[in-house]
Amino acid sequence: MSDTITKRLGPLFWLAVGWLAIVSLLALFAPWLPIKDPDSYFLVRGERPPYSPSGTHWFGTDQDARDMFARIIYGARVSLVIGFVAIAFGMVVGGTAGIVAGYLRGRTDKVVSFIFIVFLSFPSLVLAILITALLDRGLVTIALTLGVLAVAPVGRLARATTLAYADREFVTAARAIGAGDRRIIVRELLPNVVIPMGALALLGMAVAIVAEGGLAFLGLSVEKGPTWGKLILIGAGSRELEKSPWIAFGPIIVLFLTVLALNYAGDRIRSYYDVREIGL
Amino acid sequence: MTDAPHLRPDIDAVLRVRDLVVDFPMKKGQRVHAVSGVSFDVARGETLGIVGESGCGKSTTGRAIMQMPRPTSGSVEFESAEMTALGRSDLREARTRVQMIFQDPISSLNPRRRVRDSVLDPLDIWQRGTDEERSDRVDAILEEVGIDPARAHDSRPHQFSGGQCQRIAIARALVLDPTLIICDEPVSALDVSVQAQVLNLLEDLKAAHGLTMIFIAHDLAVVKNVSDRVAVMYLGRLCEIADPDRLYARPAHPYTRVLLDSVPVPDPALGRATTGISGEPPSPIAPPSGCRFHPRCPAADERCRVEVPEMTEIEPGHHVACHHPLVTQVAISS
Amino acid sequence: MNYWVQRLTASIMLLLAVSMLTFGAMNLLGDPLFNILGPAAADTKPESLEKVAAAKELYHLDRPLPERYVRWLGDMVTGDFGVQFSSTGQPPVSDLVVERFPRSLTLLVMAQLLASMIAIPWALITAARANRPADRISTINSFLLIAMPNFALAVILKYIFGIKLGWFPLTFKATDPWLTRIYQTFLPALTIALPAAAVYQRLLRTDLITTLQEDFILMARSKGVSRRRVLLRHALRPSLFSFITVFGINTGALIGGSLIVESIFRIPGLGSAIVEAILREDFPVVLAIVMIITTAFVIVNVVVDIVYTLIDPRVRR
Amino acid sequence: MKTSSSHRSFRRLGAVLATAGLLVSACGGSDDNEADSEPAAESSEPAAEPAAEPAEEDTLGETETEVTLPPDDDADSIFGGTLRYGLEADVNGLNPSSSALAASGLMMANAVFDTLAVYDENGVSTPHLAESFTPNDTLTTWTVKLREGITFHDGTPLNAEAVLVNFNAQRGDPLVGLAIMPFFPADETAAVAVDDLTIEFNVNFPIADFGSLVTGQLGMVASPTWIAAAKEDPTLNQAPVGTGAFVFDSRSEDSVTRFVRNEDWWGGDVYLDAVEFYPVTDGDDRNNLLFNGDLDALHTTNQASILDLLDTDDYQNIIDDTGEESYAMMNTAIPPFDDIRARQALAYATPIEEYVELIGLGVSRRATQRFTPESINYNPDLVQVGNDPDTAVGLVAEYCAERGEETNPLLGTTTCTDGKINIELQWSGPSVVQTRIAELLDEAWSVGFNVTFQELPQDGHVLQTAIGQYNVNTWRQFGAVDVWSDNVWLLCATINPAGLSLNWPRNCDEERDALLFQATAMSDLEARAEVLKQAEALINQAFTYVFFTHTTWVNSFADNVRGVCDHTSPEGVKMRCAVSGRTWLSKVWIE
Amino acid sequence: MSGLQTDGRVEQGRLLTVENLSTTFATERGPVRAVDQVSLSLDRGQALGIVGESGSGKTVLSRSIMGLLPSTARREGSIRFGDHELLGSGAVDMSKLWGREMSMVFQNPMVSLNPVMRIGEQIAEPLRIHLGMSRRDARATTVRLLRDVRIPEPERRVDQYPHELSGGMRQRVMIAITLACGPTLLFADEPTTALDVTVQAQILDLIAEQREERNMSVVLVTHDLGVVAGHTDVIAVMYGGRLVEVAPTAVLFADMRMPYTEALLQSIPRLDQPSHTRLTAIPGRPPDLLDPPRGCAFAPRCAFARDRCREEAPTLTPADNPEHRFACWYPVGSAEYLETRERIASGLTIGGRS
């Protein structure tokens, strides 16, 4: 079984998973890794920073002579936590609401769907700015804000998938053998909804990580410590781009590869199970 | 509305359906009149075949018996209990004694669950016996329908063929020892060579378990093969009901006649009868007045347009709802 | 007709819900007084307190929240967005909107046009060559583009076309002639358009491939219709649904994206206005812009519905 | 063709308006010194623009103002052309009596308004719209006489009534008035019209040079008709009416403001057809526009941009770092910085060298006090401590041992945790540079401090500071040309425990107050300098400010722009070329 | 390649000759030979029935002949249409034949018409492409065609969309489209499977009627032996991608030789049998084309199979009647067949299944 999964998901999938694992592990164990201190100023007398990439600074340094490589790894901590917390929140709240609405239908569905639509037609970034600007810019606030934004898309998918499956005959069959609502949701529907949700979770994590970057560009990212968005931002000025492009492009590449890996892995999982679904 | 002379008060009926009406709301306030006043009964150990074209309400009738969804009106008396009056938990319990088998074998099994679990589930829900007893029961049933329990233990539906999935679905329906099985087009998605296997299996199981069965299908030959009594439906109404040999030999309703004439016979020697009917069934949203078949019926007159025909017995055990029943015999000789 | 009445009701409900959400969030989380009064807002001197009271009365901040909401709603329905919460007088919100809205609209329309202009031919070409090398390469490309965050793409485009090649200006000047402004808007529009085009292309390609496997396509081919004609005449129109749906839904996302892109390319549009207004707790401006954005979203989606009925007779009512 | 007349001696000149209103309202005018990449047209640091300096015959060449100008040649000035000027930010109004005008705003206001007085080339105030300034013996009443026959762009005549309308409008404004009030009596005796062209101003304490007070926003005289109209219709604040060399033409906020030539300006010929001001918040973008020829001139405080401007030979750069200073400022009203040991510890821990290197980029000079070394008032004995973590750690230990259990009311925690002092660092943002500064400080301070970050929008930052809701923040201020204008930030009288204080650190020192009042009334600059040096030493000892750098302003003009420094007063006195990032364009022409 | 033009139509005699046609699909899991070495021929005006279960290759065969295959398919062998070899003709050349010389009715009328085009346009399209008709002529012809296929009120229908018509009507429209340019060969791929039984009869009658009227050849592809029995001249039975028996209809039903054909017929419940007649089910399931069995594809399910069947694939050989060919080592009626049958009847062993 696992052998077929390995084969069917393809080498690129495992490459993507590998990248995500590396980034996560680096982020997780950053304080114990033999990397430079991300907050230290490695000023070289007589040379004005930023220093271009070299043996000492693999990704170069920023304008303040701080090591970009270390900062990117520490930035991953924030970005990944935001991505994870946000999507976990979205999954739990949105997933539950979506499944329940899709299963119960009727008035519950109407109310829940309407709430979803309200959130979906509200430009999500505006909501994020509203909350972070008026509350505070702590890691938890931002992660949960993005989590709130994930509720509607996740919920809508959960609802749609549930609706699609709730019409299948195996659900009717389950009801025919006397299964209760809770059992049908947990045993019959959940296993089917979980796969597309899992794929969406990966995509959603990517979206949350990108959203942090967007907030950073509006000056509303986490206050303290490096994040990928903030790292890109400090390198994105015209002068920095012209004279020291590595400041922006280092984190851009890492962010991009991570988002790409998340997207790709999510996509593969989805299409893998879609194929199964068809029964090939 | 209908006094239903075709119901048999004197038999040991497992199921009595009276004046069953099922409407579905549509957009713009319209309603689909899927089933309009259908009555029938099923004796213990009997197989009732329900036959008709798509949209005639035969599947809806089957599901309405299970109260999925609950019918708009009418009575469904199952083993002396009025299903339409049962509360949630009573209904759940009652449903275990009526089971359904569906048309699409693959979609009737949860694609993400191991098939053995799907069969085991009913026992789990009702906590029948010990774990071990349940397990043994499942294995026995799987063996009986011709599925290797070991394979079922760690395989998911997509690893089985359509015929095998249908066998598994049958096993799941049987595992709770139901009284009544409702088969909704159980073989129409299967290949002809596999169809015979499943039909034979159903016949065997029925005998072995003493089942009562409702067999819903569009294929007249298939219905004839398995049924003890056949009901013909058209546009939500019952047209004719009789035992199959009588019905197929002497159809009294013009529609039954047309249906039988339309079936291609795999024997060139028999030649082809021309059907003498045109058009297709109208929409159940706005069914015709009077006899619903009258716009297509060669024998229709003014009365048919206005008056809904009542069920009348034209020979013992043969009832027809027609103002002008056919009396001529159709020759289907072998 | 009934359907459109329902649709209208739902839209109005939606607008109400969004406005309540915004209104509630801002008033519960923020305090606009400081922006009206400056430091005096926090002062305890009697004259300051008087000013606070006066300002509260002037902006009705002393009234209960529901009353303020209803008052605001009543004004807005009559087309009066109120005045800005500002320390320098009370310029009407509509002035700001009238000045900024066209810029954002241009950007968005241009982005959507560019995206469609890129996506449709791209999808047609790749769908016709499904799973051949050209299609596979294009799939990779669109995948890369979709994974590219808009701010990163903005930085990259700015770097390549603005700085290295110098083809496009990096600033937007509202006084420049119309055509020049379009030129200045091109790069930001492209930033928004490229990932959107990739999304559209993927959808349209998938739908085209699905459509091309439909029996009616085979039917058309079996009539002797040329491949090209099959693609354009038979396959394209019925394949447009997801594309159009997402086109509509995406408008919301693109508005969000344009917020950041406007800020990076320094286009003084609604995006930068709302960010500023939120930071300054200038509630009337925030509300006005949120309402404009949501209304635009609703309108686009109604238009999408109308387009549906135009391209598919089946959904005509 | 060009000679670099570096270190050309200018007297310090300065903006006059020392106003809190200026600070708080900076929402429109960016006086952000280093912010180079803000998303919004908002500025990062609430620089107090003010500042003054003695306007006496302070003739000693003490400025670090550097000008690269083409030599005066005989070419006749040419009429025509439009000058496009890049500003750091836009303002949200151009009304001198209600808008807070910082460098960008003043730059535009200079085009449309004239001030009662101006600074001459030597930094002495000299009459401009006014004909003369005459004090009484006690230096508490000043009589201002206006020139005859001047009209506003709308035809309203300039007279004493007009000046009074302006003065009272400014005083009555909740923001602008804040900065004026300390100097004048609260009643109507502050300013009285003597005749049609004469006004008498009464001040609260002896002021030796009243004229310097009216060289900036306070000295701008707008049409009283327009002021009245603008009160009714605030949108008119965007369309100023003055007596200046240029007439307002059109304005599109955050985009461009355009003025056209005043054909009959009382000050003589105006050469340019029009001037257009473009706010470009990103310093590098602004530079690029200049380099690409999309702008003819700009001003900037962005050190990186200044480096680029100095790298090229093709631009005339007017460099001036005699204006404000950048520093960290501590709130002495609440723990922990009510204790001088905590303040000292922070000062010792501060990475001043890194700051000068990384943020100043070698452009901005290290500051030890309010004055640059060239100033007569400079106290060479003063040292700004820093880069001494060991001393800092010792002081922290001492503080925490003694007062570590007290509560920091801002954070709601104890003043010390794990042997480190808990503080909140507040700055205004979003700004890339300000964030870098915060991180730089945090990194060094962390030897003895647990730093919490608090980034606020600029106005919020100013408010929190004004009401004393901060521990330490980054700030920009001082360097007034007429030194007495800075008093408002330093006097005990400007501390209001219950509300707004202009003395931000809320640090009262009677001895220092006495010295400051004494200096304000002195005309002898040398003697005054000695007094000021003493006051400066007291500031240094109070440890309320950790000075970083002197802010550097550069005004840069393309080489075909001429007459940049050719403005003169009606009496033919040559005016100071640039003051803290703003210049005058009345005599500028394009070759 | 201009030889593929429609001049020189076959008016009578041999219209289509297929020789050793094999069609292979490249799939992710390996090549699938959906049609294997099929040879058959068809005369003008003749109706051929191709019968088989799903996966037997009957649909692929008809599409292979017509050339309507996805790009993953590869054809080998020879297909001669009149004088012209179709194998190797490009899509452009084929599209000149399609609709004009040969056309195809598809299984599901609900999805085989373009939902967003008026039916008039869809019928007129081949007229305009192939016959270069003007818009007005095409419309007139369209109305006539609709009348031919018994659609009431054709003038009104031309401007309707497919979703406004019932399934039977749509199938009639489809037939009208296929008939538009008067083709000589009509493929009907399960034309009635999706329809109700009463409508099915009408459509089959319509096809038969049009065939007679136009002297058209028809290839009727179906899984239903009943359908072919009444509507074809020749029947070809397919199993596992191969032809297993070909015979004139009457001959086949009277004297079927292939055990598969026989088993298929016996496994179908019939109207003329009494109720509860025990069906003779065929055990197992159709072969996996990815991994076809060696020897006769039916051997694993065949009660009469012997070792030879499992080793060696039989080829199509003529029976007594030369038009009757079958592929079986031990055909119905052979000594071995009878022997096995005897044994089954006496309940000794059941062959075929190990």
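In this document, chain identifiers A, B, C, D and E correspond to the written order of the chains, with residue numbering beginning at 1 in each.
Everything that follows uses one rule, which is that a contact is a pair of C-beta atoms (placed from the backbone, for glycine too) under 8 Å apart; a residue touches a chain by one contact, two chains touch by 3 or more.
Keep in mind the model is a prediction, meaning the values are calculated, not measured.
The minimum number of touch steps separating subunit D from subunit E is 2. Contact with subunit B and subunit C alike is made by A, E. Looking at C-E alongside A-C, one finds more C-beta pairs in contact between the chains of A-C. Averaging Cα atoms per chain gives one point for each, and the point farthest from that of subunit E is the centre of D. Per-chain Cα centroids separate subunit A from subunit B by 50 Å. Spacing of subunit B relative to subunit E, judged by their CA centroids, is 32 angstrom. Inter-chain centre distance (subunit A to subunit D, centres taken as mean C-alpha positions): 46 Å.
Subunit D has residues 39, 282, 285, 288 in contact with two or more other chains.
For subunit B, no residue reaches two or more other chains under the stated contact definition.
Across the assembly, subunit A contributes 217-218, 233, 236, 238, 242 as residues in contact with two or more other chains. Residues of subunit D that touch subunit C in their complex: 20-21, 24-25, 27-28, 39-42, 92-93, 95, 98-99, 174-175, 178, 230, 234-235, 237, 252-256, 258, 276, 278, 280-282, 285, 288-289, 294, 457, 459-460, 462-463, 466-467, 496, 498-500.
By the touch criterion stated above, subunit A contacts subunit B in their complex at residues 168-170, 172-180, 183, 187-188, 191-192, 195, 276-277, 279-280.
Subunit B contributes residues 53-54, 161, 163, 191-197, 199-200, 203, 218-222, 224-228, 243-245, 248, 258-269, 271-272, 274-275, 277-281, 332-334 to its touches with subunit E in the complex.
On the side of subunit D, the complex with subunit A involves touching residues 36-39, 282-285, 287-288, 304-305, 308, 351, 354, 357-358, 361-362, 429-432, 435-436, 439-440, 442-443, 453-455.
Against subunit C, the residues of subunit E that register as touching in their complex are 66, 68, 91-92, 95-100, 103-104, 106-108, 111-117, 125-126, 129-130, 161, 163, 174, 177-178, 180.
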